[in-house]
Structure formats: structure tokens, C-alpha cells
Amino acid sequence: MSLNSYGHLFRVTTWGESHGPALGCTVDGCPPNVPLEAPAIQHWLDRRRPGQNKMTTQRKEPDEVEILSGVFEGRTTGTPIQLMIRNTDQRSKDYGEIAETFRPGHADITYWQKYGIRDYRGGGRSSARETAARVAAGGVARAALAELAPGIDVRGYMVQMGEKHIDRNRFDWESIDTNPFWCPDPGAVPEWTDYLDWLRKDDHNSVGAMIEVVARGVPAGLGAPVYGKLDTDLAAACMSINAVKGVEIGEGMAAAGLTGRDNADEIVMGESGPEYTSNHAGGILGGISTGQEIVVRFAVKPTSSILSPRRSIRKDGSATEVVTKGRHDPCVGIRAVPVGEAMVAAVILDHLLLDRGQTGGVRGQIG
Amino acid sequence: MSLNSYGHLFRVTTWGESHGPALGCTVDGCPPNVPLEAPAIQHWLDRRRPGQNKMTTQRKEPDEVEILSGVFEGRTTGTPIQLMIRNTDQRSKDYGEIAETFRPGHADITYWQKYGIRDYRGGGRSSARETAARVAAGGVARAALAELAPGIDVRGYMVQMGEKHIDRNRFDWESIDTNPFWCPDPGAVPEWTDYLDWLRKDDHNSVGAMIEVVARGVPAGLGAPVYGKLDTDLAAACMSINAVKGVEIGEGMAAAGLTGRDNADEIVMGESGPEYTSNHAGGILGGISTGQEIVVRFAVKPTSSILSPRRSIRKDGSATEVVTKGRHDPCVGIRAVPVGEAMVAAVILDHLLLDRGQTGGVRGQIG
Amino acid sequence: MSLNSYGHLFRVTTWGESHGPALGCTVDGCPPNVPLEAPAIQHWLDRRRPGQNKMTTQRKEPDEVEILSGVFEGRTTGTPIQLMIRNTDQRSKDYGEIAETFRPGHADITYWQKYGIRDYRGGGRSSARETAARVAAGGVARAALAELAPGIDVRGYMVQMGEKHIDRNRFDWESIDTNPFWCPDPGAVPEWTDYLDWLRKDDHNSVGAMIEVVARGVPAGLGAPVYGKLDTDLAAACMSINAVKGVEIGEGMAAAGLTGRDNADEIVMGESGPEYTSNHAGGILGGISTGQEIVVRFAVKPTSSILSPRRSIRKDGSATEVVTKGRHDPCVGIRAVPVGEAMVAAVILDHLLLDRGQTGGVRGQIG
Amino acid sequence: MSLNSYGHLFRVTTWGESHGPALGCTVDGCPPNVPLEAPAIQHWLDRRRPGQNKMTTQRKEPDEVEILSGVFEGRTTGTPIQLMIRNTDQRSKDYGEIAETFRPGHADITYWQKYGIRDYRGGGRSSARETAARVAAGGVARAALAELAPGIDVRGYMVQMGEKHIDRNRFDWESIDTNPFWCPDPGAVPEWTDYLDWLRKDDHNSVGAMIEVVARGVPAGLGAPVYGKLDTDLAAACMSINAVKGVEIGEGMAAAGLTGRDNADEIVMGESGPEYTSNHAGGILGGISTGQEIVVRFAVKPTSSILSPRRSIRKDGSATEVVTKGRHDPCVGIRAVPVGEAMVAAVILDHLLLDRGQTGGVRGQIG
């Protein structure tokens, strides 16, 4: 049992602090003979990397991944894959005041209360920088999926930033990679840009976001009926991401407001198997994939590191006010997009492996 | 690794189908010397039991729990506690048509696709009846909490049924147990009653619900900063419940719409330690409890078993229409209340045990 | 994580005490569609059952197994299989003295020291009766092996009882089931019989034993190179059996006395693949099966329950002498034979499932 | 679940191949606030390091450990500790023939059969070099034990090398560190030296060894009665070490030859609690520590890498002969001593943490 791991057969353990020498992950259980080289992982890391545009933190790090084990002559060997990313931009500064103060909305205080020791440099283990290791592991998961189930495609995007929502009528898959928000509604981008600029510069504020991740091409039959449900693992994977406060599948929280007649996805027989007239279920019924698109959504809270002063206390209990200067994302949700994709890819690979382990991948026939 | 288990040190595995001879759970890792007798567990099962009023399924079963192991002379011994509930009301009937048909919105089809075999009697393992075992396990968790951390109180209630929401200004803890909805707003009860009656009798329909569970008295310091987060485990625990489609902590999905200034819980020094001016975080920061109320919410979809006909297919691929007659809850969310409570109680106990294992329960001092 | 479980994908949790209402096991991860009915499991339980002859304890229990879940119309469904055995022969007696006394060589004292509570009736959880649940689980494993890998055969027998060893030149597979010792050397049986009679009746003593379990037909490629080694799991499985003090594979402890030249199993190409000129390795190289016979041996200590008085203490620290009257096996090793078989069968099935999960069961070609 | 990990709460995952850029381990679950710096770990690594004397492989590597995470200002923070050792002495050579050939007695063939890919440079993951990571993890375990339970001392030594056994009458704790065999019998050292010299130079052979590890000061009450037994975990930990073929506790395999009267450890009341008149049990009764010395023994087979030619096959099935030139230990058992110590230390720490998690460390009183 490890509290820093996820996955059953495809098992990832991340390690490292934001201001230590390095961070990374141990990826255990990747099938053998999967083509894998560092650039393929780097590709996904580059999507998450800060400092790319003014919408994200100005901390500039190459986030260059090294494969230390588990790969031989360009293929995985079935042994643990160790991925390491050196921390290069650790600005030295005087942490005197920060070391004694708890920033509101951060894990500073709870970490201290639990462990009685705290790496106060940039959040330590609680830093969003930890998610770089998840994205690297997601790169391995994608490489394995490409080999084992080439039809599967996992894509994430932002559907809401603060009060601003996308217009689903303008949804455009192609546009996602063309704007700094991973926003699938090109019409929303100018407004979002202005809003975030204003928030950061004038309002000294930050804002939350909603991310949606869709997995297409997932075969029916992945998951399990009770605790090892595909949706349970997706929920855990997303909720475990820094700053995430809620997660839902398909209709999600809105299902509470629906009637059974409205929520039913009727089944019809298609050419190559069962089809559904709708996808309220988000591609999962009774914990098991239906073969439809799997739709996961999660909410990222606004970062607590803002320039506006907030009341707090010091370790000695004395009152203080905290203003977070420095390089912080006004909307950490933006960088959560590649992280969410990585987590969903890892969960799906894991269930593919589990499924062939437990059932041999045999399917009940229909038609 | 078991796909039918939850918990790290307090580990519960449920077993059993809705129409088999019995169902139950193995509870491993309960601390020794906890006073435990069957009636204490029965108390919680009785809350979940169907057939109590017209709001829930008319299937009438005593759901009587037997303790088969792990308890000696009224105290737990530290060995696995086996709890068994006999299935007594398994009406025999002709399953001919049902056995060949997939009910829309049910796990019938995915279960079949995955396993190539299906216990078609009442949903088998996918039946909501499985949650009786969770409630029984929750009873053990509560008994252990009462011994180890007597200040902790876990309570659930319904805050929404379809389009109808409670009015939080009328929130009344005392009223929760006095109505069949576990509704904390006494003013809403008459309207909810009429609505559900109409839905069931006239509209032949069902409806979703939103459940909220609050844990009070949880000390600061439970959880972990990354995957073993308290909120990750709560999310997984709730998402693993039958028919749940979304789960959130504190502000939850609404956090996507907030700014950092609005969402900040400022910290002040109280008489016995840190206090917060608000609880947007829902009692968890960076995966670790703050000492505030822990607030979890989850959405239960409307049951797919309705009297209105829905299109579907048979095993042979032919088209059919399904109308579910029989004893089904128009709002399964009602019975999800005691289930959610049980899951939250189990997660909190588990993290109490984990915390003393990993840190010895030592806390960083403040003030 | 459960301290009462074994297996990765084929996961068994046993529960129950010797004098509680019942004992049993939850078997999770059995593949679906395996033909399984109670008599098939009963067959193996009957081998272990006490009271069959004068060589084992006279406690007479039918040890009748009930399948409570996971099987539908004679086939496994992929859900947890719950097996229950009622305890029927719980003679009531006055435990006054026993409850206060620690029997030397038993877990009485350590159990008390750890948990501060003790089920003193017959050893509670530490009783050899727990192994009935293992044998039942082994019956499920065998049923699954018969379906998935019909060529695999797992057989156990006794090779040593106290100072008496079998003569391997007289080894006869057929004779194993024809004598009460599961002894493969028919020539040794009369002498063993006399010896055990004398030990029990005249010497008021007990004796240890060495069990060997051989698995034939296991394909090459099961296991893993480091901790998830096939031999690691076999060692853990056997060492976890009541009263076992040592376990070895192939040459085992004797390997310490050999040279590299003597210990080498040379490889030659056979008609259907690689063959070995010898099997010092016991069928496992680098944690992975070679395709040869897998040979596991484990030592069972003599039971501490003897009629000869031994010095001990009471809970209050006062000195006493213990003489164990009652129905105890003079050589518990006899009944360890079916238990060892069951554990080995479970480990092999588990690794078959793991292997197809992690590698898809693909094999590197030779020749 | 990870097949490259051991431990429940103190969870170690090793990674890395003998000829990759680095190897190491992720240590998760180390309690916070344990003083830890690289030299303390290096101390134990230096004991295992090859090239120290003519008795071990001449591969010369500094095996310098780097702490990449989990430690802040000289103390553990409760987060994963990543330890990395760079591989520096990877002599480049022509692997042409080796890449196509399976060395008898090695995992070459089984690894290939399982994974269909093989890192043929020096054994890859199957190399004894992997044990360096275990020793590093053991260094962390020892640091934590020093903080949590300072009375515990874990020591290993060799008691047999081939046919040569120590004379226990000459047992001298002080002498262990003064000879290259970690031999506790100073009288045996000259003979062992000559024998090993002859074996290597003249006989072109290798030899097995028996290692004993003793843990003193372990409190009564660690472990569990069934699968999570202290002895089960010790057996798995030792059997998982490269080249180990058997493991035993206390009397071990010899218990098969004893009678109950001989094997009984009688209990008497000592000044500070129960004492035993002997220690046949090796400090563990019913899976739980008694407070006596814990005695574990394991057999290491002779290395298969010898200068004498052995028959084998190539990948294409053709026959060949293998002579292993190069830098190999004539007795790998020597370097298994610090590895065994490390594994035992890790298991004991793990059970200390488990015990306080599950029972709170409360003990039943005696006297």
C-alpha cells in the first residue's frame, strides 16, 4: 500500500518536491515491448510546462524527462520505468517569513499539523509541480495504449473558467490546441483572454475552472461492478489532482435533477453491436464501459496564491496577512488539462490490463 | 488487490448478489477491544432497509445481520469480522424474458459484455442490495470511531430531489430523522411527498437526488498530500455507490465558478487552535483534514427501472421495449443516505488508523 | 491492504475462529464462467477434515461448505465467491483455567500481548482450523486451473515425519492417497504408523513433518524477476500456514552446500522447447517458472499441544504447568498436506492471471 | 499492486537495471521527522559494495547514493524518499554472443520466455546489482528504527559456505565485521579464505552460502495471526533476494525432525515480563513476535556464472556451451549478508508502523 501511488496493474508512484533536486515517477506494470523513448513523453510534458504564455506561471523550467530504467533499445522491458525531471529553476530567496506563515487555502497548515515538519519552499510535496510526474506517467500510458488498443483517444479541454462557459454549439475539436486555454470554443477565447488579463493585473485575483476529458474508442467491458468500477477509479484519479474539488461522469451532478425517463439511454442494435440513443451515462454503466465516449468532468478551484491580502496566522499563532507575490497561475485549471488527460489515460490502460487478467478479455456476445 | 474492497487499514470487502442465499462483508483491520454486538449494526441497517414506507421499494426483508467472526464476548478481537445478511424475500418468478433482455440504464448489458455470464435475477452483483453490506460495515466503523474518537459524528441527508432543493435557511438537524426523505428542511417535506407520489403513481417515472454527508469533530491532520488524500478516498467511496454519477467536497463543482478571493478560507487563531472564517474547502486542504466540518456531496441518478416503456435489445440483438414492473424505488437516492454515511464513516476511521500508523498521530504545534 | 488475505488478482481473505459460529473465505478475482459447485470444493475439504482416522484429531466435524455468492447456475460470475463452513463441534466446557493460562508454543501469549483480548476457546483465529478455509479457496483455484490451464496438476505428500524420512527410491505417486500420511513411500507406512501410535499413546508427545508439493504442467513464464517472484509468493503462501517454520524451492537450504558446477541445470533443446538436464532450481529461475516441475517443501513444527507437562505462566504472571488434554493431532503436518496443495494451486492460478494481465501471455520464442 | 515493491506501510519499490544509467528505490511511508542524510545510507551501501576485496566481484563502483526527495533540512518529511545510485562502471563490450545465448542457471531464459524482450547486458533487472537499492532502503528503515525503537538491533552473518560450517561454540559478535565473509567464527576464516581462493582460481567454480540474520530488541506483539504474519513477511522478503532458495525461522526446516517436547519453549515470569527457557520458535509465535531474538536464516545458491563450461542453447534453439568470464563473485552469499539485514530491518519497521496503526500499540498486560 502506498499513499503516493495510483493504479492496480499499471501502477504509478510519484515522488519529489517543487524545490528539491528532482521529481519524477516510478511506473510499474507497463507491458513489455512497448516502443518508448524520452521525446514521446516530453511531448506531453511540454503541454503542461509553465512559462509558455502569459496565462500561466512565469516559472521557466525545461521539465526535461530522463528515462532511468525499464526501457532497452527503445522498448519497454516489463520492469519499472523510472522517469526523472530535474528541478532547475529553484530561485534562492529568503523564506524567513514564509517558513513561519500558513498561506490561506494552501496545504501549509494541514501539512504542518499532520507531519510536524514542512518543506516551506514552494509548497513542497503539495505543489502543483507534482503533476509534471503524472503527465510523464500519462505519456507512458499513452504509448502502451497506442500499442495495445490503438483506437483509443483521450482528449481534455476547458469548458468553464469562472463565470464564463463555452458554447457547446461552437464546439470545435481542432481549435483546442490553438489557444492557451485548451478551449474548444474558439468564439470564447478573446473574452477569456481579456478576463484573465484583468483578473491577474487589475483585480489581483485568480479563478476556478472546469475541465472535461473525453476518451473515445474504449471498448465495452472495462471496469467492475462494485468498488473496482471504472468510474470510481476515474473519480479517484481526478480528485487526487491538486486543487480539484469535484468530479463527475456523464450527466454527473445534474443527474440529481433528472427523471428516469429523461436520463435513460435507450439501446438499439447497430451494425457492429449495441448503440445508444444518448450518453447520459458518460460511457459507463454499473462501473463498466459501454463502448460509448467516456466523459469525465472535474472542477479546479481558484489558486489561493493571490496578490490580494488575506488574513492568516503564523506558526506561533499570531495573526498576519498574506499576499502571495511571485510566479503563480491566475487559473491553475489551464494546466490541469494535460494532467486530467494523463490520469484518464492511465486509468483506462490499467483497466485494459486488469480486464485481460481477470476475464482474459473474453466478451459476452450480442447479436 | 481486490476489486470488491475499499479502505487501506480498515478494509472492507463486500460479497453477495441480490437473489443469492445471502450477502455480506468481511471487515478486516478493525482495532481490537471495540465493543460490538449485532444490534448496534442492525440499527444502521434498519435505516437503509426497504419496505419501510411507500417512498421506497416494497421488497420486504428484515435484513437481519449475523456476526460470524471477529467478535468475542462483545468485543472485537482484531481478526476479520464477517457479517452476513440472509436474502429472504427472493420471489420466484419466470425470468424468461428478463434473462434475455438488457434493461436500459442498467448494468445488465455491460456486465454481460464483460463477463459473458449474468445473474439476471434482480441485477445480481449490480443490485442496490449490495449497499446493505456497506451499511453493515459502516456500523462497525462507527463502533470503532465511538471508541477511538468519540467526538466524531457523521450525518447524511438529502438536499435535492429532482428539481426540488431544500431551503438552507430552514435547515434543521433534528428534523432529518423525522421524515422518509432524510430531508433537513421540514418545510420541503409535504411538497416532496406529493411530488414523489405523483411521479410514481401517475408519471410512472423516477427521479435523481443529491445527498450531503457531514462529518463533524474530525481532527486536523487526517489524509495525505497526494494520492492517499482524504478527499480522494471520499470521492472513490461515494462514486463506488450504485447509481452515483458525481461527487464533490466543500464548494465542489461550484469552485470552478469562483475567484480566489471569494474561495479563500481565512485563518484566525481561536482559543483551542486555528479557526477559519468560512469553509469553502469542505474541511480538507491539500488532501488533509483541517479540523472543520468535512462536507461531501454526491448525486444519485434516477433509477432506470420505471414503468414507462424504453427501447432496448435482447441478447440476440433483436429490438424490444422494457417496462420494469415490480418493487422499485422511485428515488433510490433516499436509501443512499445511510449508505453515504456508512462510506464516509469508514473512510474517516481508515484515515485515523493510517495516521497513527504513519505519523504516530503526532501533530505539529500551532501557537 | 488486508492482513488476512493472499494473492494479487486471485485474492483470498479468510475469516473465522475455531469456536465461533462459522469460518470461511471470500475469494475475489476468480475468472467468470468457471464450472463450480459445492461438491467439487467439498472433495478437497474432505481430504483435510479431522476425525478421519486415528492419526488426526478426533474432533469430528463434517466441514460442509456452502457457496453463498459468486456462482450462478453452476458457473462463476466474476464476483466474490463466499464460502462458509459452519462450526458444529464446539464442545462446551469450562475454559476457566485455560482462559487465564498461556500454552507454551502457542500463539496464546503473543496474541494477548498484541491485542489485549483473546478468544481462548481452541486458539481462536490462530487455530489450525483456519486452514479449512484455505483448502476451500484452493478448491476454487483448482476449478479455475482446470478451465484455464487443464494440464496443471498440483500434488502434495509427506517426505519426513520426525526422524523418519521416505526412501525416494520407493517413490510411488499412486500410493499417496492410500495411506493416512499422504506418504509416497509405501514401505515407510507401517513404521510411521507404529511410531505415531507410540508417540501419542505412550510418549504423550507430538512430532514435526516435512511436506513437499509438486506442480506439474506449469508453463514457462509465470512470475516476475524481483519481488513479485513466483518463489516469493510460494514462500509466503507456505510460511503463512499454521506451524510452518521453513520453506524452500528445489534444492532449497541444501543449495548453501553446493558448488555452481553441481547446482547448474544445463539446458538442451527438446522437441517442444527448452529442456533441462536436472531440476536443482525447482522449476523457477529468477522468480519465473521454467516449465519444469515446481518443487516446494515446507517444515511443520510438532504441535505444542501435548500431554506432557510444560512450564508456563498465567495472565497474572504466576507460574503454572500446562498439559493439553483433548483432541489434538500428534502430527499436524499430516493435515498440512492438502493445505499446502491448496496454497500452491492458488499461487499458480494467481500468477497465470497476472501474467495474462501484464504481458498478455505472449511468450518470447525459442528455436 | 506492484510486483517490484515490498512492505505494507513502509513500502519500498526498487527500479533499475545493472547496465542502465542508474538504479534506486522509492521509499514510501517512512515516518516524518526521522533524521536522515546520505552518509547514513552510504554506510550500509559500502558494506555491500563489490570490489572491496578479492572475495567479491571486481566490478568497481562507488555506489554513491543521492537523496532526491522526501528529506528537508536533514529530516524526513513523510513524503516519498527517492534514492538514486548512478551506474558508473558499465564496461562497453561486444554482447553479440551473450545477447543470443541463455546462461544456465540464470534468469536469461525465463525472462525472455515471459517478456519476449531481454536486457542482456549483465542480467538487466535480474542482476544482483538490484540489491544495492534494497540496502539503501534498509538504511532508511534503520534510521527510522533508531528514532522510533532505538533498542532494536539487526545483524547478519554467514554461518555456512558450501560444506564448511561455523562452530557456534566460537561465535563472536565482535569478529563479524573484521573478515571479508561476515563470519562470526574467527577460527573458520583462514580455512574459508583458502577454500574460496582455490574454488575461484583453480576449480573455476562457485559455492553457496547460508546467511543468518538476528533482530534483537524487537518488542512482543508485532505481526498478525494469519497471512500478515511477521514470519510470512520475513520469508517473502528473504526469498525475494536474488539467488535465495530457502528461508527459515528459528528451528526452521529442522523442526520437521523434532518432537513437541523438544521443540517447546517453556515460559517463565522474568523481572520485566515473560521469558522463555529456549528459543526454538526464533522469536515468533503464531505470526507475532515474542520479544525474544528473531532468528531468520536463508540459503543462497552458488552463482551460475562460472568459468567451467556448461551446456546451453541459443535463442534460435541451437546448442552451445557457456563459460562466464568476467567479474563475478565466487560466493554471492557474502554480499547477501547486508542485503538480508536490510530486508529484515525493513520488515520490522513495517510491522512497527502497522502495529501502531491497527492496535495503537496497546499491549495486553501480563503480571
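General remarks:
Per-chain residue numbering starts at 1, and chain names A, B, C and D are given in the order in which the chains are listed.
Basically, a residue touches a chain if its C-beta (ideal position, glycine included) is under 8 Å from a C-beta of that chain, and two chains touch if they have at least 3 such contacts.
Model, not experiment: these values are computed from the prediction.
Farthest from chain B in terms of Cα centroid separation is D. Two chain pairs, A-C and A-D, are weighed by contacting C-beta pairs, with A-D ahead. Taking the mean of the C-alpha atoms as each chain's centre, chain C and chain D sit 26 Å apart. With centres taken as mean Cα positions, chain C sits 45 Å from chain A.
Chain geometry summary: the mean Cα position of chain A and that of chain D are 39 Å apart.
Within chain B, the positions touching two or more other chains are listed as 1-5, 8-9, 14, 29, 32-33, 78-79, 114-118, 124-125, 225-226, 354, 358-359, 362. Touching chain A in their complex are the following residues of chain D: 1-5, 8-9, 11, 13-17, 20-24, 26, 28-29, 32-33, 66, 68-70, 72, 75-82, 84, 114-119, 124-125.
Those residues of chain D whose C-beta lies close enough to touch chain C in the complex are 1-6, 8, 14, 102, 104-107, 109-118, 124-126, 130, 160-163, 199, 203, 205-210, 220-229, 231-233, 235-236, 239-240, 245-269, 274, 277, 280-282, 284-291, 297, 299-306, 308, 310-313, 315-319, 333, 354-355, 358-359, 362-367. The touching residues of chain C, when paired with chain A in their complex, are 1, 9, 29, 31-33, 78-79, 148, 225-226, 353-354, 356-360, 362.
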